[in-house]
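Written out below as structure tokens is the structure these notes cover.
Which chain is which? They are A, B, C, D and E, in the order written, and residues in each are numbered from 1.
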Amino acid sequence: YTNEPTGSSVTLGFNVPQTGPYADEGADELRAYQLAVEHLNGEGDGGMLNTFSSKELQGNGILGKKVEFVTGDTQTKSDAARASAKSMIEKDGAVMITGGSSSGVAIAVQGLCQEAGVIFMAGLTHSNDTTGKDKKANGFRHFFNGYMSAAALAPVLKNLYGTDRSAYHLTADYTWGWTQEESIAAATEAMGWNTVNKVRTPLASTDFSSYIAPVLNSGADVLVLNHYGGNMVNSLTNAVQFGLREKVVNGKNFEIVVPLYSRLMAKGAGANVKGIHGSTNWHWSLQDDASKAFVKSFGTKYGFPPSQAAHTVYCQTLLYADAATRAGTFNPCGIGEALEGFEFDGLGNGKTLYRAGDHQCFKDVLVVRGKENPTSEFDLLEVVEVTPAAQVTYPIDHPMFAGGALGSCNAG
Amino acid sequence: MLGMNKNDTTMLLLVAALTMLAPFILNPFPTDSGLAQFNAGYPDLMQRFVIFGIFAIGFNILFGLTGYLSFGHAAFLGVGSYSAVWMFKLLAMNVIPAILLSVVMAGVFALLIGYVSLRRSGIYFSILTLAFAQMSFNLAYSVLTPITNGETGLQLSLDDPRVLGVSQTADGSIPVTNLFGLEMRSTFEMVVGPWAFQFNAGYYLCALILLAVFYLSIRIFRSPFGLMLKAVKSNQQRMNYTGLNTRPYTLAAFVISGMYAGLAGGLLASMDPLAGAERMQWTASGEVVLMTILGGAGTLIGPVLGAGFIKYFENIFSKINESVLHSWFGALPDGLEDLLVTMVYPFVGKGWHMTLGILFVLVVVFLPGGLVEGGQRVTAWIRSKKAGGNKPTSTTEPAE
Amino acid sequence: MDAILLQILNGLDKGSAYALIALGLTLIFGTLGVVNFAHGALFMIGAFCAVTLQRLLNLSFETVDETQTDFLGNALKVKTPYVEAWFGPQMGGAIIDWAVPLAILFAIPIMVFVGYAMERGLIKHFYKRPHADQILVTFGLAIVLQEVIKYFYGANPIQTPAPEALSGIVNLGAIVGMDIVYPVWRVVYFLFSLLVIGGIFSFLQFTTFGMVVRAGMADRETVGLLGINIDKRFTVMFGIAAAVAGLAGVMYTPINSPNYHMGMDFLVLSFVVVVVGGMGSLPGAVLAGFLLGILESFASMNEIKSIIPGIDQIIIYVVAIIILLTRPRGLMGRKGVMED
Amino acid sequence: MGILEVKGVNKRFGGLQALGDVNLSVKENSVHAIIGPNGAGKSTLLNCLVGKLIPDTGSVMFDGQSVLGRAPYEINQMGISRVFQTPEIFGELSVMENMMIPCFAKRDGAFEMNAIGSVLSQKDIIVKAEEMLKDMNMADKRHMNAASLSRGDKRRLEIGMCLSQEPRLLLLDEPTAGMARADTNNTIDLLKQISDERDITIAIIEHDMHVVFSLADRITVLAQGTPLVEDEPQNIRGNPKVREAYLGESG
Amino acid sequence: MNVKPNFSKNANQATTAPAFLSVWDMHAYYGESYIVQGISFNVHEGEILALLGRNGAGKTSTLRAIARMDDPQINKGEIWLDHQPLHSMQSYQASAAGLALVPEDRSIIPGLTVEENLQLAQIAPPIGWSLERLYELFPRLGERRKQEGVTLSGGEQQMLAIARALARDIKVLLLDEPYEGLAPVIVDEIERTLIHIKEQGITTIIVEQNAVRALELADRAVILDTGGIVFDGVASEVLENEELRAEYLAI
């Protein structure tokens, strides 16, 4: 199979954005990767290795081989990301590629890994397509997705804002935005909300004022921002500037929802996030043993708490190592088999299942809210609800995930 | 030879030697040494070197000869890539039809855009081409998603309705691009002691095409047509009053260089069947401008050098991370090691842009003619060394 | 009706940002003839002047609060800004709150210096070089500046709010009996840009400075023959342009959180605005800024998007193409400037 | 009926009537000089002939065909070639290349996509260009960049470029201005020779009376945009109106 | 033939007055090409010096070097104007020291009106003739004051270039082919002006192809050939010396 490790070490490829708008998220991912490698090689305090339900990993590398890694820059462009991944495979002999901070890149690299015959452990990717129409046998996603965000958020929104609401969507005009918009609209409509309008905003927008202004007179009383990263920071800031939060429409307080939250971005939006709900994959304030262990080793090493992206990629590295150990090989097909249907706990999200049919993880999803009185610069979000995995699980043939096929594993 | 003068023939032979031996030349360091990081002799990067070389050569035919600075050439690269991928999806995995279609489609686009844009000159022309390319990019990213698959980029899938060939192979994978059965990704690896050299089919296809189009560009530069293009750059007014119609000349140059871009796009997709919208973004157009100027606009070989330079930094420097640095300086005392690492780190890995930016500035300040001038200075210096260095430095011959 | 008025207002406001950014660019690009790809970087540096001032004002000392814990479970270190300690929480808080407007004062000398250093150190060698070389050197410079900012401030956007007093909304329609609410800060931005634009206009209109610089760009040699030290004036012009770019950046921070690549985001757009306005024409650049701003706002209206899907993605470019094809030198361009 | 017939041409620049009802007829194979005070409209008239300017009213016929509304390159292809008042040459190209370009235009027409053949293989063009350079006394400067020629040389080069096209009508705007006396005389000889030997009609604008009176068969005096007189050279010299308005005491 | 005069820094021909403008062993280059090859000459206050020579002899280059233009660069040599070292100045400083050049291509600044072109000359001190006075000398310019300078006719541009030099308070006027393109009446007019200027004590160097005319006006003459001086003496001497005239001036 491709890049079978022959020496005393095994090389993993960490492919994250190091330049461009997501560079900070990428940097945080890299930190987590380094931590994971340390832990796998038996250095440091072991982190979540100690809480992980599978006890195969001994701190002696993977299958006795020392873990080494190479890093690359995706630039958040599918082309550059593929070039970087290819160089890891062709030049450095990486057996696994992982990382990324956007769905477009994840899907592009996943396709590449499928063709090249290595495993892809996706980083931060939230589009339904990654494990929907673009799923691949060699690719695995630990992160949640648009549908799951919607499923987790809907009941909370219902409790908070009632069933008689009119929602206005602003959506980043590319695949991820669309799948999230579709998911949220479907979930909120199912509980009785009415969708007033869905407006697509150009990716390159920096000033959303001309999209926000019409919201004022649209009759909507909830604004859903299907934006991520810099787009989210700006659209939220603009929405607050226009006084949407103080508005009363149809006798109800106007509300804003940001379905996908990230703490790093929440920081960019500053005080504007206060009281605004959204969902997230993981948050450092979780109090289970696994999360605490992870925050401790990360925080001690770097001086600040990890982001959800860091958590995800740390888990992905451990899961890969564990699967290889259980399978007794680095062969992607063996590892794929070991991951498919694998159930585990102790990685910070409660009991989790790597579903065999689409390689999507199913686990608890957090609904969070921007904190009113943060005590520190990291303390921006508070968890309001941990939605159990069962509630966000969908059938494998759900129409939002239709099309495409997993195919069969490729070992190169 | 081949209707070229001696200098041009030497240059072509040099380029031929360099491309054919690239797997050796680009892999000078033993695989397990610390410096292996600087090896660039793996298929993907070698392919990129020659493909972007082709792109830049084509760009130079327009810019270097006529002086028309297009800021939207990436659009043609993108069109080429999309055409090729669609060809793989619908027709066959053979690269020949894909490449042909990409050249033709890029040519058609270039004809349309060029016809309109060439009504203006100077900066107005640049902005027109930029506007067209940005429009293509924005649409490809959003509204045209059914054709372009938006952000993710157009990829092959398991259910492509391929007319000649199968949708998926027996083992359930997507078939790979090939040239009459020769798989583009097939690589022969030669291990010599601590060195490993990779010979990749796709790379050699690209390299041969590069040689062909490089030869073509030499011919164009030396042809009456090329002379007319230089004249356009020098004085359009005189051209017109000499009875020459400048529009067809500039348009022909525009279309030719658009087709070069399309060819590059088609080759990119043939090596790795993905066509991303970012290929059309202004930054991509800007990149080829930078490549050409950096190497030396208007020179034959410059653009290829510029392309190699930028791609090298993008792919090699971005991969140097902190632990690599520690392994390099590991032998030094701890304090010194840390100091060196902290000093170097901002310029590699996530800081590779910084190094590139600094080098841009240095090159244009000290080598006004681009890298080619650097090369000339070095050869001149070597020659003067050889000659004993006792020649007077200033030429004192009168002008007449 | 209200919706249309609101979009016009919005367009004016967007346009004022475009006009202000283009104004600085056209001083260098349209007037000095230097294709300045580092202009976006100057805008970005201006914005980061505001961020820096905010950080400086927020410089804090730490006290340990045993009653609370941080994320690792240790006692929480509470930070108190020095200004609050010195001037009392009331006054100190107010100073911090006014960081962005205060940054204007802070930014002007810095930007003038940056412009000066850039021109003396690098650009002055490039007036006579081909535009292509100018592109390469200024692009390289832009990357370096951007990376330096990234190194110190990271890649994420940084929130820099407007002062409390200026961050609410105001009902502009109240006078005419309509309900048109608009953020106060955006109104401030609009007025500010008018002020700067007016100031630059009158400086160049009512002094010979503008004429000399224009002449110097067309023919440096001859201007030198007439006893004028044109280099000095070019430097001054560069300093002014950098200051204008920087001010545009400072004032923009509350509208959108600054990040290190905001300059690149605006770069293409500002070139389009300047060229559509016409090379060498200040009024042209301003007019084009407002025009594109308003059209962009209209294009983002749902009524229009539903007729032509995706129009808001490309409106700027469509308008640019139409204008450049119907008017050979943009809206008000001068003949012979960068036409070859 | 002359080869060039200008009838009732008017041209205004804003408030200025640069050309007012100009009628002019140039006989085939003659040398026709246009003289007149500065700003009389001589260059403007020439611009109207080659398509650089379009007259407000009036007609310009060359060999029975109207030139109005045609692009400059079309007019040139009809057989009108022009030397400018300030030399227009290809500054970045060598003198030899400068000379070859009009030869190509003559041989191949307005556009020829000859992108593969080498310039050096175009023997006929090279021979022709070289001959012309010799005629112009510039053969030793063939490798120089045209931009670094002295001004007199630039002018000679431009004249050579126009001649190499073998035009039927050659328009010269102060061709000998700034030329050394020796070269002026050479140029006069050359122009005489071609107008005699080949079928070239010449219209010349010149302030150097030596040149005008050595060459011209007929002279038109233009003043304030209108023809003052048109006559044989000897009559012009004696015309008191012309002396006063133009020649001055030294004329 | 090389009639280089025996020349030393302080040696002067016939006249006894100290040199006002003095060029000493000046060598100038355009990049690599060596054009002005070590020339020395003196001009006295209030004198008119004619600088003559064939096309490409280096006349323009000499004037440009004295005016401290960017090209050609002086590698070696000194230039002194009224005890000020011009060789260590930039062109704007030389201009402030009282030097003015009327360039051969006139260098009218595009985009500026006639009046602005003149105003530009009066921004930096020292300021010379007032605009009114200049318009009096060249009424044509007064009529065209709002017109863009470069759209003037060739002769009008020449007037503007001369007027622009006079708009500054000058000690030395360098004229590069000032009569070129001017109607004979205007040439007479300018000649009178030059004499008038001379009466006011202004020193002039004039480069002119119409050698006879220049020599009649000038006190002294310098003849250049391929970048070196071949004659330096009294102007009338040249007119009398058949050999010189034939060899270098072809008259």
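Brief remarks on what is shown
The working rule: a contact is a pair of C-beta atoms (placed from the backbone, for glycine too) under 8 Å apart; a residue touches a chain by one contact, two chains touch by 3 or more.
Because the structure is a prediction, the values reported are computed rather than measured.
Contact with subunit B and subunit E alike is made by C, D. Counting hops only between chains that touch, subunit C reaches subunit D in a minimum of 2.
Comparing chain pairs A-B and D-E, the larger number of C-beta contacts belongs to A-B.
Seen from the C-alpha centroid of subunit D, the farthest chain centroid is that of A. One finds 47 Å separating the Cα centroids of subunit B and subunit D. The centroid of the Cα atoms in subunit A and the matching centroid in subunit C are 34 Å apart. Separating the CA-averaged centres of subunit B and subunit C is a span of 34 Å. Subunit D has residues 148 in contact with two or more other chains. Among the residues of subunit E, those in touch with two or more other chains are 30, 33, 56. Each of residues 313 in subunit C touches at least two other chains.
The part of subunit A that touches subunit B in the complex is made up of residues 18-19, 23, 26-27, 30, 34, 69-73, 77-80, 82-84, 86-87, 90-91, 102-104, 107-108, 111-112, 114-115, 129, 134, 173-176, 200, 202-204, 404-405, 407-408, 410. Residues 30, 33, 54-57, 60, 104-105, 140, 144, 147, 151-156, 158-159, 177, 180-188, 209-211, 249-251 of subunit E touch subunit D in their complex. Contacts from subunit B toward subunit C in the complex involve residues 63, 67, 69, 116, 119-124, 126-128, 130-132, 134-135, 138-139, 141-143, 236, 282, 286, 289-290, 292-294, 297, 346, 351, 353-354, 356-361, 363-365, 368.
The touching residues of subunit B, when paired with subunit A in their complex, are 39, 42-45, 48, 138, 141-142, 145, 149-153, 155-159, 168, 171-174, 176, 187, 198, 272, 274, 276, 278-279, 314-315, 318-319, 321, 323, 349-350, 352-353. Here subunit C touches subunit A in the complex through residues 2-3, 6-7, 10-11, 13-14, 17, 68, 70-72, 76, 150, 154-159, 161, 167-169, 181-183, 185-186, 254-257, 259, 261-262, 265-266, 296-297, 300-302, 305, 312-313, going by the rule given at the top.
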